[in-house]
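Single-structure report; data block below.
Per-chain residue numbering starts at 1, and chain names A, B and C are given in the order in which the chains are listed.
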């Protein structure tokens, strides 16, 4: 392994291609932290955005006009404003209104850190899209199938859990995949509030080593691979969930 | 609640049902004794399907009463589960659950709704699949089966709940002509075993052969009813005569 | 569902699956404007209570900066229009490359499209910012490349990739009978493409293309991260100039959100309208 790292040092000396995040243990640590942070941010946001999607879709089916209006307002607001400004709004504007808490070192810290705000902001952003996706899936389940379950004595909750959601889920998987891929790409915005994710750490490294070109190319490849892995996984999942003779 | 077998199993009294302005049932009454097979025939839009959907509480009624084994269906405090254990239903569009295999479709309700033991349910489900002559198709998904096969699975699915009476809502109307017969044979088997059946159908030959009693409905009322032989050969009402002359 | 055949990764154009909607959809009505205006006016007044005597009221401050911020926003729109123009031009060529009969052209176009489509917009923007020289020398002429021009180029990269996919998706979604019919009439491939196929595709491409524009417009604020003085940068500067008063944060950011909403929401409505209109005609 050391020999492998050393080889990149030689590569730098010989050709000037500087990849310190491979041969330098400190930079390597930073890059891995950044990658880990990007993955963590993505997974947590994926989770919450899906939760928001499911709850929102359920609320949209509400009998109360105002509940539906509220959900629609949320969707339109988050879909039609820049996610970066949303992030700033959450982090700076709302963050400054929250009380500060005492830290164990005797100082004061904001109630929620930048990671938490990035999660909140990005989850609401992606969630706005997920609501519509889930809604369309639920609408795609034929009324008659639900009725058949009703005639067999299923309760409303059982129907939702055993019939509607499993069927809706299969319909929306492609759309959901797309949105989740997009969410992973959007996590780069967290850079703007100094969440140490991949872009942020790469920036640190190129500031120290003046190797923007190499870092830039590495970043593009890294995101390409990250998105590729997600797409590959989701496609496999989609195929595994496919029902013979059902759907396109 | 003191229903005995000498009383009608299903008793419909002066039922009125409207969808908004449109009155679909205008005072319908009929009785079905245990073990009886009755066929409801009539032109489309005459309220036949609505009538049997009301018996299963899939539609509510505005006026009148429907008793199933002494239980008032038209009651706010109706225990729908209790009703649906007694009343099975087979739909025109089969309405199988597309994400479950034939066997799972049959097993689902007894496990989820009746909370029966899975192994016992599987044993009887396999027996039911055999009964509807679909051995070997247990693990096929609905999308892989023909219309006639799906409809027979649907019959097995409703039998799995061990109902006292089964409602058949134009179960052959959506089928290819060549598969109609296999479904009719299955229903005939049931009838011969003494299952109480209420059928809405356009298959006059079948009705004549299997039914104990025929009801002819038109524009929301029962115009004429009687034993098959008298009904088909000695119809009195001009509307019945006209309908029969068109269809026979 | 024919309109849903184009494939892109943009969330806004995702199949809110063309199923008929029974419920009337959200429409812009008068009261929406009233609510927006309410938010606009309420948030400054709410924080007004906090501001100390001697300080200008929040509303006053916002009004003072508004002309500058609006100018900044117009700069965002300029960036969006140019990035869209470049991205559409290059992207259309790339999209046609993806359906080329030459295997290697097709593969190359596909690879470029996928690469830029799967990269985060912000990374592409950095890419353009840091890797483009500050001036270009072509022959004896020196063309300076200011930051805003680089931002336009950086933003046009993902637009290009997405337009490429929109074009490819629209062309491949046409029934093959159209190609065969044209061929049987002795059209050349080029003629078929320009006279038969593309005119039919325009309808299919318009809604996702408008969507893309809306997303691009919202992405122009990313340029603030790399120092272009557009509306977000100016907002930051305005806040700094006011001495970092925390009571100004919410009103100022709300103001930016609202101007984007006022610009992008009608585009989104119009897109949905066109989608429905074209879907009916098939």
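Quick notes
In this section, a residue touches a chain if its C-beta (ideal position, glycine included) is under 8 Å from a C-beta of that chain, and two chains touch if they have at least 3 such contacts.
Given the structure is predicted, the values throughout are model-derived calculations rather than measurements.
Set against the C-alpha centre of chain B, every other chain centre is closer than that of C. Contact tally for A-B versus A-C: the pair with more C-beta pairs in contact is A-C.
Ranked by how close its C-alpha mean sits to the mean of all protein C-alpha atoms, the top chain is A.
In this assembly, the C-alpha centroid of chain B lies 56 Å from the C-alpha centroid of chain C. Spacing of chain A relative to chain B, judged by their CA centroids, is 49 angstrom. The geometric centre of chain A is 20 Å away from that of chain C, both derived from CA atoms.
Shared interface positions of chain B, defined as residues touching 2 or more other chains, are absent. Counting partners per residue, chain C has no residue that reaches two or more other chains.
Residues 142, 144-145, 147-155, 158, 162-163, 166-167, 170, 243-246 of chain A touch chain B in their complex.
Every residue of chain A that touches chain C in the complex is listed here, in rising order: 68-69, 72-73, 75-77, 79-86, 88-89, 92-94, 96-97, 126, 129, 132-133, 135-137, 139-140, 171-172, 174-175, 178-179, 181-182, 185-189, 191-192, 199, 203, 206, 212-213, 216, 219-220, 223-224, 227-228. Residue ranges on chain B touching chain A, taken from their complex, read 56, 58, 80-81, 84-85, 88-89, 91, 93, 95-99, 108-109, 112-114, 140-145, 154, 157-158, 161. Interface of chain C with chain A (complex): residues 9-12, 14-17, 19, 21-23, 26, 35, 115, 118-124, 126-127, 130-131, 214, 218-222, 224-225, 232, 246, 249-250, 253-254, 256-257, 260-261, 264-265, 268.
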